[in-house]
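One chain, subunit A, appears in both complexes that follow, with subunit B as partner in the first and subunit C in the second.
Then we have the complex of A and B:
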């Protein structure tokens, strides 16, 4: 077969192979990405045409108090979840990795299981656990604060409790990654350190922590991006309440687009989250690349 | 040595207790679901002391749970099959063939990781509405077909296959499709299973998108459907928990059966080798 002929066949095969993906990717990803950017400069309702209004939506955002609440809550939620879940996951991973055989498998299963549950199952179970009248955790809360608390209707408790539920739900993923990281640390390093008389405290800070850092950094950044996209748990546990105190950015996007019929303004809100996550992702990429080079 | 053994045993016991506390909410849901509504409110022993299945029977007979199972299974299976097929084909071209725009396409796929998909939901909803796909399976399915990690992972694994193997097939007169489905795919069944599992789980558990695109109860998936029932129940804890557990049963059972594969799949999705 001639070289040109072969080349033509290769090109045709490539075209056929990428066509299905490219079609789906263009229509349902690239086009909506363009569309949401374009919509954010219009006053369009959810369904129907709007007119170009320049930066008016973004100006409106600056004066929208609910938007500041939402942004703050996203930030607050990140504080409440990212580092705590990583620390908890690290403790669990260290403990599980010390166990052996079936015991290890059983414990890991128990810690990982919540991760596979649908979010609405998780929120239903926790709504019941924390039910104001009959929730099994209310005696515990009453022991600390003196009286039962309707946690998802209380402005101070709502975000921390959503964080607790979220950590319970998603922590298994982090445990798994950290256990994989721990397994990749060569065992003879510990043996050598033990021979040199290193305490287990020293062994952790001198061996485990630095060698595990790439995975820890990965877990931290994955969590950061994941938790910024918070919507489901807020919608299902508190619906943004009480008095809009638990609104987050995606919750406000949902409200503007699907309840108040402001497609353009909702798109501008989405663009802010878009921007934040792109910046975080670029930083993450740089961070992980620096980590890998070391 | 006995002192050390005792210490190990104590340590195991503590970790096991911690794990039991961690899983307690799920256990408590089970206990609650097996009681009569009256007993739940009157006294709350922690042990399972009653095997009352009336809540389960009630939920199964009054809600549309069977229909939601069907919608969830149908949409998740279709999503998984299409995502794997299109992703694998695209990855094969990116990995093995030379064509103009190859670098650009790969960069686009990598860059798409950065885009928070929910930020596109408004535009995707408008699109689905224009295509008249609101309240249909395709409305649920189409926007969920973008899973760039599948392309990236397949490409990495295809890159690792030695070139000599493909030359042999090409000399035998096989084309690129023969190569992909008779050589590259069979060599990567493990990774295919892993990618199928993560794609399926995330489609099955997706709440936000199906919640937006489906408003008719008959078209709902499980995660969305069960939230409708709770609104209708009012105060009915046993039924609520029975419903939650029936909704969770397929993933829990699936996870327990394919445990190793699932954990492996989760790690691959994060780019970590187990």
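Then we have the complex of A and C:
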């Protein structure tokens, strides 16, 4: 068989294999993405055509006080979750990796369990536990602050509490990633270090930490992207309140699109959030890589 | 009496219900090169790791120098270990790998620099100090691992099959370097290996381990010339010794006449001090290199496989009774495959064992 002939056959096979994915990708991702971009330059309602208004939506957005409030709340939430969840996951992973065999599997399952729950169940559980009158956690709060607090109706408590719920919910996955990373570090490195005279503290900082760093950086980046997309927990727990203290960008987009019927404006918000996530996560990943090389 | 070296007293180790080391005594004088050999799974690594402090000792006492270190931390024992896997820190350069212990001890920069460079000089690693382990060849990695041990200037070096990941040529080279290093440093070294040649060439003393005990220890040639039981006889020497069942047919002036069970027309007059009674069943051990091909009568071997190594060849075959035989041929290169050869042993170099495997002398 000639070379050209074989090449043609290979191409046909390749085309056949990627066609299904390409089709789904185009219909359900590429086309909607294009639509959102196009929509963001119009004054269209949620359904139906609008007229081209150029950058007017973006200009309006950058003059929107609420947008800056939302953006700030997003970054506040990132601050409350990304690093804490990684640190907690690392501590749990280190502790769990000390356990043996079946015990380890059991404990790992327990930590992973919340991740399996749907968000509505998670928020339901925590709404009950933190209920102002009957919540079993209220005595604890009362013990610390002196009186019970309706946490999701309190402007100071609302974001940190949503952060706590989110960490509880998603931490298991990070633990899993970090455990996998820890298992990849050969045991004999620790033995060599012990012979070299390293204390357990030094073993952590000189071996575990640098060798786990690629995984830690991955967890940090995944968390950053995930937490910037915060919506469900806010929507279900506090609905953006009180006093917009938990109002976030996706919440604003949701309101504009599905409650105020401003499809064009909502699309512009989505585009800006998308841009922010791309920039911030790429920036962070690069920073982390430089940090690792040093 | 135990002022230097490594001394084990009735040391035992069990993993749960499994006893791996069942009472080992050994004395390794300062500056000696001791080698542990034994079949896979006999506990060589475990014993070495117990000396290093990486495994707890279930019972008994381990002393290094005059100190009882049985329950001390690995770092406080003054030992350095070279792992089979090298265990180099992948994120650190060669220099930092070797400097690791000094950095932990917070030694001054000048001292670190000097010690590492001296070790690198000994091991010919000076040009590679800035590389990461992944950028080195197997032999270089091995040298870095040894360098890391040298820098610590330990009383005792421990090696767990350090050359087994290297190819044959590099192994020979590293073996020589290790021997040289031992002369140069004069430190006590304990070395675990599977390799007969490594054990025979490097060791001052070989410890043959099996079933959780030291079967025999001594200088390499003493073990070869005078094994104290059938296991050691079979283990030391390559290819391993032939064993044939025989019965005592009669007594001579200074020994016995033993009749081969597999070929009753053959009997040998063997010099022995303790003469077992007539009719006793024995096992005769003959090394492949002590069996000579002869034109006269002897043991008839049907050769089925010939291993030609150039200088020597090993002929594998069976006796008439079905017992496996290996004999060595030097120089001659006739295809013996499929033929029947007649061989006779050197009578003075036949080893006699009783049924339980103990040597009869």
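Keep this in mind: the second predicted complex is superposed on the first by the 263 of 294 C-alpha atoms of A that agree within 3 Å, B and C clash if a C-alpha of one lies under 4 Å from a C-alpha of the other, contacts with A are read in each partner's own complex, and residues count from 1 in each chain.
The rule we apply is simple: contacts are C-beta pairs under 8 Å (C-beta built on N, C-alpha and C of every residue); 3 or more make two chains touch, one makes a residue touch a chain.
The structure presented is a predicted model; accordingly, all values stated were derived computationally and were not measured.
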Clash-or-fit label for the pair subunit B, subunit C on subunit A: fit
First, second, both or neither for A:80, with subunit B first and subunit C second: neither
Partner chain(s) touched by A:210 [first = subunit B, second = subunit C, both, neither]: second
Degrees between the directions from subunit A toward subunit B and toward subunit C, using C-alpha centres, nearest 10: 80
Partner chain(s) touched by A:191 [first = subunit B, second = subunit C, both, neither]: second
Partner chain in contact with A:274 - subunit B first, subunit C second, else both or neither: first
Per-residue contact with subunit A, leading partner among subunit C and subunit B: B
Partner chain in contact with A:71 - subunit B first, subunit C second, else both or neither: neither
Which superposed partner A:182 touches (first subunit B, second subunit C, both, neither): neither
Smallest distance from any CA atom of subunit C to any CA atom of subunit B, in Å, after fitting: 8
Doubly contacted subunit A residues - partners subunit C and subunit B: none
Complex contacts: residues of subunit A adjacent to subunit C: 186, 188-189, 191-198, 202, 206-207, 210-211
In the complex with subunit A, residue positions of subunit C that touch it: 52-54, 73-75, 79-81, 83, 85, 87, 89-91, 100-101, 104-105, 148, 152
Residue numbers on subunit B that touch subunit A, as the complex places them: 11-12, 15-16, 18-20, 22-23, 25-26, 28-29, 32, 40-41, 44, 46, 82, 85-87, 89-90, 92-94, 97-99, 102, 105, 108-109, 112-116, 118-127, 129, 142-143, 145-146, 151, 175-177, 180, 201, 204-205, 207-208, 212, 222-224, 226-227, 230, 237, 240-241, 243-245, 247-248, 251-252, 254-256, 259, 262-263, 266-267, 270-274
Sites on subunit A touched by subunit B in the complex: 9-11, 13-18, 20-22, 24-25, 27-33, 35-36, 39, 46-47, 92, 95-96, 98-99, 103, 105-121, 124-126, 128-129, 131, 134, 136, 168, 173, 176-177, 180-181, 183-184, 215, 218, 222, 225, 228-229, 231-232, 236, 250, 253-254, 257-258, 263, 266-267, 270-271, 273-274, 277-278, 281-282
